[in-house]
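Please go over the structures that come below.
The same chain A turns up in both complexes below, where it pairs with chain B and then with chain C.
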Partner chain A sequence: MMLALFLFTTPITAVTNQAHSAMKPPEDHRACLRCHAMKTLAYRDPLSKKIITLVIDPSGFEHSVHGQLNCRECHEQHYQRYPHSERARAPLHCVKCHEDGKKQAQHQSNHQPPRQYQFTTIEQEFKRSVHATSDEPDAQDFNCHSCHNPHQFQRSQIGKPLAQVVRDDNAICLSCHEQRFDSLETTHAWLPRRDKHWQAVRCLECHTPLSTTGQPVSHQILAAADSKVDCVNCHSQDAQLLTRLYQYRSQEDVARTGFIAKAVFNDAYIIGMSRSPIIDFIGLLMIALTALVLIGHGWGRYRAAQQLSRGSQ
Partner chain B sequence: MNDPAPVKPLLSHLAQRRLLIISGILLIVFIAYRLFYPPLFDAYVGKTNAPLTYANSQTVTPQAFELLARDLSHQARYQKAAAIVATDQDPFARQVKIEMLMNTASFVRDTEPTHIKYFRQAGIRRYDGPKTCLGCHATLQVTHSDGRIETVNTLDDIVNSVHFKFQSTSSGFSTYGYDGRAVNSGQRRIPVGKIDRACGIPGSFTWTGWAALVKSRPDNAQGAIEIRSEGCGQCHIGGNYQPATEKMMPIGDVPNEAKAGLDCLICHAANYDMNQRYVIQDEYGLRWNQDRSLQAALSVAPVTNDNCLRCHQHNMGGDAYIHNQAAQNLGEKHRRLLHHGAKRGNPFSPEDDRHATAGIQCTDCHIPEGHKIPRGRLGVDLVANDLPNKEVSCEQCHSQLPHNHSKDKALLNGHITRLACETCHIKQLEENNVVLRDWVHPTWNAEEGVFQPTDVYRSGAVGTGFTFLWFNGNGTFLANALGNHPNHNLNYNPLMQQMVRIDDAGAIAAIRAKAQELKRQYPEIDVEQYVRTATDPLSQLSPELLAKRQAMIEANLRSVMNQGESRIYPFKLFNAMMYEDMGNQGPFGAMILPFDYASYYETGDPKAAVKKALQDPIVQRMYQLPFKLYMMDEFMAYFGVMDGWQPNYPLVNGELKRVEAHWMRQMGTLMVNHGIQGRGRECKDCHALNGIMNYEALGYSPERAAELRDLDVLTQVELPFVDRK
Partner chain C sequence: MMTGLYLYARWLRVWHWLNALLFMVLIVSGVSMHFGGSALLMPFNTAVTVHNTAGILLSVTWLGFMIGNAVTTNKRHYRVTWRGLPQRLFAQMRYYGYGIFHNAPHPFHVTADMKLNTLQQLSYLGVMYGLMPILVMSGWAFLFSTFLPDTLFGIGSVWFVAMIHLTVAYGLALFLLVHSYIITTGDTLTSNLRAMITGWHPFTPPLERSFDHAAETIPPKTADQRS
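Moving on, here comes the complex of A and B:
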């Protein structure tokens, strides 16, 4: 229902470029993309007043997790002609394909990394989510596609810059909750330097419970009242909330820039430290200066002692 | 010898003297610049400046002032009340309601023209042009598009705007020379705009065609002569004897007496009498009169469409357009000559444009910054642009998803990727839209009593009056839309195809008929050759020039065509037969020569009119070295003539040398953006065998074109997939 702002947030390259790609898309795409690659194939829904986009960005799709599928593997029927049959409007569900261990086994047989998420778990979490339980009219018909565009979806890869992870994930929330950008908005007024926080952490860190299922992030989005309104959850030695963001930091990255550098000066600072790179830097500077003074003092005393002993001879 | 060194002065005597001499020279240069440069410049370009007076700028008595105030207030209240009750009941009931409203206290308070009160308090009993306005409005707060608010000098703001200068030396144009350079993008910038370039429907330019009095002999006047007004100055706000030529130079300014001739009220007064706009002659020369009555000044109000359309309907709907209000009032004397053929034929009026019907004001889309008014980033013609980076577009209001009603709304929105809104929402232009105009073979207009250029072909229809071209916002120096099919293929080459060929059978037949008609008057016309050159202007080029043209398009323009993302836009087509200076010819045309309006209209002898216009001092200067070096060489480079401007004056001993009559080598393509119809085209208007789109000409392969012409194929998803490379 609310794939909404993808139209404006995703740069879409022309359909003509797709032929140049090494990964040739499955053959029946062209018939569909004749219309669905039009960058402005969308309309405003008279009921919800929201923008319904029907655009498939060919290159975005190719690089998505579903990029190797034929359109008709998911959209099985009712699409023979334009205009499509009313029945084509029936929603598709992720869990229908992703429900059992079959795909998981396929993944393993293809030597792909094992799935981090179980869709049945996701479904259970989602059922408890405020998006599913709310009576708000805006939350009616909320489903997987409200947040995840199946034609664009890519897993957040380890090694992707954290700022990018934060930006991309928050963009999903803000595509509906755009009123949070309003500078006069008060719901997050308790957060000091609100905008800085939003650049550095994901909405999810506070608005989901800690996952008990071993999955990185729970799909049970918490209502405002149930969410964490507490600095200590992040700014403490045991900052459980923030650790899940750091799973995307690659070991190689840590190794390349040096563990100390990474841990002290990385994008979000070391857990439990001051959280301010300036203070961190000043602290290190003071330690270094102290060490320097100590070394200087010791060396001075050594030289003085040597001269004394030479003078006495 | 051991005396302490004397205290050294800061500067030695020599240095002091030098400093004094230099200051003296600077002072002299400054005085010379202020005192002697202006008259010298005027003498050089043959222009005049003198104090400007207007007969209708009169002082009124306090009593007359109150009478005027009462009438204006009454008129304003009546108009507003009538608009409010326009759709109510029967005429009598409406009249009663109007009378009630007009005497309702809050209505009176909100409707009274504001300047009545201001003038009354300030004791202003005479309107004296900018002087009166600047008394209160000396400075102006300008809100820039980035939100910055700046206070500017009002007079400087308007004097340096395109509305006054008609040219600009700034960069940021989307116009490219045929040499491939963006106009004025480099260090060397030349003034470009209307001032030194023929009008969209040429004939003259502002230097030689500013203001003219023409003796007309209408048939129904039985030989009596009626004096008529003509000239570019009628649409421009300077009141002096010529356009602001001084502004074309890197130094110098328009003299104060010329600035005092600014016509503030034509844009700012609700009640401006267009009957006051005619050419007057005084001891210094010809100039345009304006309405400087106190009545007009008292009616000053926020700018509305009526203000802009006093001049701009001329180049949209045209002078002959029945809803052109300004053209109903041609002058209390020396009536202005109407231009019967329309430049674009896309009127902006409540009758013919959806936006005007909805009460949208020009400035809602063309959002001014002070007196600088944007015309958008897409520019196909080389007309100066005060705010070249400011967008004016449909999307600003309509977003990219404007279609809400149709069952095909998503697909209609989808088409916006490739089609401009105007492509579907302008279905025709006015019938009198001029496509081919012959200035060389004038015809007698018995009703007006003047010789006029012959409109060889007029059409407002799709395919003949206007056509569709790929457009990425860039244009050439001679107004040719640039763009390309998104696959950047080489088949799309409008400068060798669409813009140089008329192949519609009906159009060709009409042109032939007109040529035969002209032959009766001009026996030397070879009808077949006439039709050939008019419909295939490239046939006038030698094979060498033709080859050079093709090479220059590929080398210089192809990359400009491939920039950005092109969409299909409608373009009005236009070509003219003019006298040209063949000493300055290139693959894209030669320098066209102006006509003296009075002799053209009166005698119908175009050659004599060219000779007369060539004698204008500024045209003579054009053919001399300083002008060549200052701007003409650069001008010609943009024009596609790479070996510079040949300053060989084409009038030798009263005879024209190297001057020939030709059609321009390609049609100009003018953007049409007004005359928007609410209901656009249907799918089948384009996607059918006899549809309006020439897909092959737009660079589609024959197979793809066939597919695009078959709605059944297009709406079918399950097809045997054909490889279309």
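Moving on, here comes the complex of A and C:
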């Protein structure tokens, strides 16, 4: 399972998909898109009573990471005829393709960079995620596609403005957690400059544990109670999280603006990231004590000069 | 009669005041970034741009000083005479700690060959050849940390670089504070300051001094010194 979780991919591994988009889409898209490109194609789920859209944006799909695949490479036998078989409703699993040895070899033979994300690892992380373990009715049947639309998914693009990366990533979370738009929402009330944080940092930075697998971001989404509510995790001492945040933003800066502009206008510095209570205390104490000593010294010289002046009169 | 020694060439004075200006700008913008959020400080986003720009310029001026010192005769003032160094250092510290309050003669006599007393010389050497390159390099490492390994000595590289930069910055702020005060300990309160503006260090012949300075030869002002 777990298909298009590349969206978590940081720009460290990201590549442009220009080559991808320059290629023509496979021919058999047309047959499927005759129906699925219709903007009103949808049905009401008999159990949840929700409207389930079946629309695929042809342009978005062509530019997605799966745009060069034939539809039937993922949607196999149950989709060959219309109406589709009842069994076509069964969810597709990402790992089936992405951990398949042949597909991996094909990926590398297409001169794609090695993946930083291993889908089996993602699957293990997801199983510990609050999305998988919650008893909430809304979390039932949660799967990869709940966050990642395989027909739209693109890897993070180098040079994409940071604010947009943050906005796009957070939009995924907010598509379900719409209560965050409520001005009376209190779960983030502890966060100073809450809206500023939401514009500058992805939800994932606080709502995932530090990845121990070498992958940039874990897919183990944490429950609110387990998430980070400590400023120093980002703003000072936690070296790993600090490095993750800073490097992520720094890489973006270099790619988007070039070396010189990056040096002058970098977005990476986070307020307080260089703070160390011990060094600050010692540094400020030394400066204060030195200033006192110098003031005392100056006063002593003044008095000595006065005495000398009186003595010579 | 009062005359002078031409000790600070034009390039050195330009570098010095540019360096001082950049130092001030870097301290104000650095504090604004480090303790961001106070209304008394620069706005954070402005501080970042100002700090980075001033930091890049400081790198250039530091390099300029290194080159200037290497290709001119100014480098002779930075050659440490090891013989008798502890005694000279002690004498200088004793003067600042005791003698200065008792109208004692200054233990060091400025000459064209050596304008820095031992304490000055060691602190300037430490600042210009020790702390400054570390500050400049850690600043650049901050800007381009994506090219550093993830960890340095077992801790996150960004944190490591940040702590080095912070510690050195405090050290240099301390130096600036002491330096700004020590320059008032010349013949008059402002004589050293004026020397760094005009290039001429005031030199009062021994007979006119209130204390017994060793006689020194005043070298003639050559064209080279006036440049």
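Keep this in mind: the second predicted complex is superposed on the first by the 205 of 313 C-alpha atoms of A that agree within 3 Å, B and C clash if a C-alpha of one lies under 4 Å from a C-alpha of the other, contacts with A are read in each partner's own complex, and residues count from 1 in each chain.
One rule holds for everything that comes next: a residue touches a chain if its C-beta (ideal position, glycine included) is under 8 Å from a C-beta of that chain, and two chains touch if they have at least 3 such contacts.
Everything quoted here is computed from the prediction, not taken from an experiment.
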Task: chain B versus chain C as contact partner of A:Ala224, first or second or both or neither - done: neither
Open item on the list: Contact-wise, after the overlay, does A:Pro46 reach chain B, chain C, both or neither (first, second, both, neither)?
Closed with: first
Task: Touched partner set for A:Leu285, first chain B, second chain C, both or neither - done: neither
- [ ] Could you say whether A:Leu54 touches chain B, chain C, both of them, or neither, answering first, second, both or neither?
- [x] first
Task: Larger contact residue set on chain A - chain B or chain C - done: C
Open item on the list: According to the stated criteria, A:Ala88 is in contact with first (chain B), second (chain C), both, or neither; which is it?
Closed with: neither
- [ ] Please work out whether A:Leu308 is in contact with chain B alone, chain C alone, both, or neither, and reply first, second, both or neither.
- [x] second
Open item on the list: Using the superposition on chain A as set up above, list the residues of chain A that contact both chain B and chain C.
Closed with: none
Task: Residues of chain A that touch chain B when the two form their complex - done: 7, 14, 16, 19, 27-28, 30-32, 34-35, 38-44, 46, 51-52, 54, 79-83
Task: In the complex, chain B residues that touch chain A - done: 400-401, 403-404, 407-411, 413-418, 486-487, 565, 714-719, 721, 725
- [ ] Please name which positions on chain C make contact with chain A in the complex.
- [x] 33-34, 36-37, 44, 48-49, 52-53, 56, 96, 100-103, 140, 142-146, 150-151, 155-160, 162-163, 165-167, 170, 173-174, 177-178, 181, 184-185
Open item on the list: Please output the residues of chain A touching chain C within their complex, sorted ascending.
Closed with: 237, 239-240, 242-243, 246-247, 250-251, 254, 259, 262-266, 268-269, 271-276, 279-280, 282-284, 286-287, 290-291, 294, 297-298, 300-301, 303-304, 308
